[in-house]
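Notes to accompany the following structure.
Going by the order they are written in, the chains are A, B, C and D; count residues from 1 in each one.
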Amino acid sequence: MTPQEIMEMLHAEIKAEKNLGAVASYIPELGKVNPDYFGIYLTSIDGQRLSAGDWDVPFSIQSIAKVLSLSFAFNLKGDAIWERVGVEPSGSPFNSLVQLEFESGIPRNPFINAGAIVICDILCSELENPKEELLSFIRRVANNPNINYNPIIAASEASEGYRNFALINFIRSFGNIHNEVEEVIDLYFHLSSVMMTCKELSETFLFLANAGIQVDTGERILGVSMTKRINAVMQTCGFYDEAGEFAFRVGLPGKSGVGGGIAAILPNDYAIAVWSPRLNTKGNSYRGMKFLEQFTTLTELSIF
Amino acid sequence: MTPQEIMEMLHAEIKAEKNLGAVASYIPELGKVNPDYFGIYLTSIDGQRLSAGDWDVPFSIQSIAKVLSLSFAFNLKGDAIWERVGVEPSGSPFNSLVQLEFESGIPRNPFINAGAIVICDILCSELENPKEELLSFIRRVANNPNINYNPIIAASEASEGYRNFALINFIRSFGNIHNEVEEVIDLYFHLSSVMMTCKELSETFLFLANAGIQVDTGERILGVSMTKRINAVMQTCGFYDEAGEFAFRVGLPGKSGVGGGIAAILPNDYAIAVWSPRLNTKGNSYRGMKFLEQFTTLTELSIF
Amino acid sequence: MTPQEIMEMLHAEIKAEKNLGAVASYIPELGKVNPDYFGIYLTSIDGQRLSAGDWDVPFSIQSIAKVLSLSFAFNLKGDAIWERVGVEPSGSPFNSLVQLEFESGIPRNPFINAGAIVICDILCSELENPKEELLSFIRRVANNPNINYNPIIAASEASEGYRNFALINFIRSFGNIHNEVEEVIDLYFHLSSVMMTCKELSETFLFLANAGIQVDTGERILGVSMTKRINAVMQTCGFYDEAGEFAFRVGLPGKSGVGGGIAAILPNDYAIAVWSPRLNTKGNSYRGMKFLEQFTTLTELSIF
Amino acid sequence: MTPQEIMEMLHAEIKAEKNLGAVASYIPELGKVNPDYFGIYLTSIDGQRLSAGDWDVPFSIQSIAKVLSLSFAFNLKGDAIWERVGVEPSGSPFNSLVQLEFESGIPRNPFINAGAIVICDILCSELENPKEELLSFIRRVANNPNINYNPIIAASEASEGYRNFALINFIRSFGNIHNEVEEVIDLYFHLSSVMMTCKELSETFLFLANAGIQVDTGERILGVSMTKRINAVMQTCGFYDEAGEFAFRVGLPGKSGVGGGIAAILPNDYAIAVWSPRLNTKGNSYRGMKFLEQFTTLTELSIF
């Protein structure tokens, strides 16, 4: 079977099975999505494109965008960012706040909310117009001027974001937030609201499989070594408390979001995006995890 | 420069720098080692052998042996072992016991002490003479009949092992230990006492770079998929609370021990062992981490 | 109404209501008791004796005995015991082990298991025959030569006591256990197995209401200041994670046990013992708490 | 010696010893106070007044005021307040946030910051002009129209209060804050800024020793049973992580503040206020604790 046939077969098989898990509903906008959407898109460095299902429906990529804000900040400030955020997995969520306390306000990694907020603070310090410039960066990486924030989702996040307000104030009490709380959190809520289709998401992540170079434009987004490091952080921290499980079953660096999206890459080969809104108990797409496990097993492609 | 030249240069450079950190001394035997030993050995699938420094001095591989007990148990029982131990990183050590409590006695992964003890319990259930059969397995993997436990170290562990007695009884209170506490802990203390040189250690780990096949004998030790999974667990959980940092800086699956050893592999390529007894604050070899970071940077070999 | 009438009325009223909660069953012996036993006995310094219900049925006083071992150790060693155990409430149980870790093996107070084990270790260091001498002390305090350990319960505790074995080994890893683990834990399991009736229990606790003097014999058991301090520790730590609630609702220093017993005192006035085996979710006697709250409200006697 | 002589002697003795500990300086205003101030004032129900040292210098009573806001809310809403805040001691502070998470946003007691913030939220729901009405209540209890907030301290708290902003947002994320964050936290910062002398503080707390009745005016501030309950909460939760120690050494219900003040009562007898700004490592006045321990020992007055 060709990879395209494998993809279609797995899509059909998984689609035929019961769709378990729950759609994230902590903000109303996320809860409104059709839970049975299921799209996949793979873009390879050498120009192959595979797809299945609802790959052209835009969805809220949520935390997947944290990889992009991290890439931007890493590019702007270099290794200095690692004085303000770590690269270790965070363990089970029950202790996230106490861990922050123990580690004096230095978040464990840039993909937990606390860490992404600190990255947004770094961007606020570096940029004149953080929201606009971050969006420009994302469009450049995606080679796509149509990528946008979703203002309804950003506002929805803000209206329910007491926990994130708690986090940012807590981090600030340790001196690890340098800008106004409102400005930083506004950037954070916008970051979380970025919309993409599976196709756009896989195209956006392709530079991470391509040693930091945007494939279409040839533009260097990140240095080789920085790109490897972002991939390493995705590997160990990209899936909440299921990063080990994802490495174990799928074997690719990647990042998931509560909107049900997952982006993953095989270095020097391809980027793949999967989207299905129902989440397993760890907060990762139920069908997305299933598909990626079987796809890497059948295609025998993993980094291990 | 050839890889051998790079290895020698880095060995000389790092040897010339101040040797920071402290030798583990929680058991007297470990504290007696010369802290300035510094050996490296690389064995590749295609027969290359690179070495530098004290690569032929035997040392206590300590927790590195947990990869071998895991491989043995995985081989014997298959995926059933994952019902009794997880594959997630454990986060900072301060909460290891409370995490065990939350997760009802299921250790986070097979490389923390709690998890390795459960793996030993599985071996005790499966084997007639666990200590002898585990040693035979290790010798088969190493293709070396001279590998042995160090009885003085095993006894030393037992005499100071109150924390491990605490752990095993705690896990047993959740029903996740099925054999006599004394038998399981005795196996665990022997496992921790295995002695190897850097050369032997790299030869032992080579099957993990070779899709599960012992290179010299051609014997299959583990299936392809099982081998990938062990590598994935090493990647996310192999370095205590520095697994993310190791992935970030080195980019290879590996495992460290408090004796100052580190074993790491590049899939389909090589296994490398480094040994230097002084440990950084996270419990990993100070010089070993330094060497591996620079070696993979200069040779441009990492999995990302 | 006289206090005796109040006691009988409340006993009858509460007996008529549904008996909620669950009998402790972590050891089989405890689970065998009739859950509807309900006894009360009050002994006052000036010779009054009030009683209701099953006050003459012996039951396992369990943790209530920790007050007696503490009194004995305090008497033998004075304030030196407070270097090895604290006097602070322990907060919710989920963090008991991590708290022990943070506080370097010094248990928060002598009434949590960890603390009572350290007290037993102190007794093992001070006494020739700890089990016999502790029993003699209890008989002297009770002025009753018939008080005894229950060997079946002691053995039952030992056979299921993995958590306590975990605790003692954990504490020993910090150097806060000085005797053989087996000897200390054996004393601890025997301490937990003491049997008394409500009558005997109230007589035993009366010295704590009487400034340290056994009322019948006139023997001084503890100094005035030491007695006040034991009462203060009962007040703040006597009811697991419900000590505040007990102070709030009842207002007397006291101690409960998982056998369903509660002993409490009003300084300079009386000692009271209540027993009813069903426990509320915090591990304290459901009917016992109810009775004591209403009894102190109606008799207007509390220390506040 | 008369109590007045004992008080003067202890004041002189302790004044002669080295004044250990550190003045709280998390807000600049607190750090400016002379660390050697040392005042004591005792007011008894039967009209005795004892004093020593700097009893007439106003200081920031800080958390001591939490007893007054609790009394006001308890009076307004009765037992309904206990659905939103508990009465259990909080254990060591390292886990305060995780405890709040476990207990779904219900603070352990009304004297930790989280609990006092919830009490302020209750007052905001009940009152038209919370700040003014709370001040009126305090003046009525003190029988003193000159008691006031210190606007400089209130502003200082607000400018540094990131942790409290974190707390209130975190609690709100569980639905246990019903009013605007800004309004509630403003009331909380004003509450913390109340100024009193030792004389005023002992007069203010006297109603808690007098079954709820203001001694001078005869006005009932709280019911008898409510008063007992407030005293019980002070006993178990009034001294941060040193409540057990205070009960153990002093034996009186009381409350301390980081300004170095302590107020305590002996039911049916007296209220006493001590002030000395240097704090021990647990956050309670170093000299205040010392004085109260020796004073209750020498006068043989404690509740136990």
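The working rule: a residue touches a chain if its C-beta (ideal position, glycine included) is under 8 Å from a C-beta of that chain, and two chains touch if they have at least 3 such contacts.
Everything quoted here is computed from the prediction, not taken from an experiment.
Engineer: So which chains count as neighbours of both chain A and chain B?
Structural biologist: Shared contacts of chain A and chain B: no chain.
Engineer: What's the chain with its C-alpha centre farthest out from chain C?
Structural biologist: Looking at centroid distances, A is the chain farthest away.
Engineer: Between chain B and chain C, what distance separates the C-alpha centroids? Give it in angstrom.
Structural biologist: Here chain B and chain C have centroids separated by 47 Å.
Engineer: Rounded to a whole Å, what is the gap between the Cα centroids of chain C and chain D?
Structural biologist: Taking the mean C-alpha position of each chain, the two centres sit 32 Å apart.
Engineer: Let me have the rounded angstrom distance from the C-alpha centre of chain B over to the C-alpha centre of chain D, please.
Structural biologist: Centres of chain B and chain D (C-alpha means) sit 54 Å apart.
Engineer: Going by the touch rule set out above, which residues of chain A reach two or more other chains?
Structural biologist: In chain A, 94-95, 98, 102 touch at least two other chains.
Engineer: If two chains touch, include that pair; go through all of them.
Structural biologist: Listed in label order, the chain pairs in contact are A-B, A-D, B-C, C-D.
Engineer: Across the complex, what residues on chain C touch chain D?
Structural biologist: Against chain D, chain C makes touches at 86-92, 94-95, 98-99, 102-103, 108-109, 225, 227-229, 231-233, 235-237, 241-245, 247-248, 251, 253, 267, 297, 302-304.
Engineer: Using the touch definition from the top, list the residues of chain B that touch chain C in their complex.
Structural biologist: For this pair, the touching residues of chain B are 94-95, 97-98, 101-102, 162-163, 165-170, 172-173, 181.
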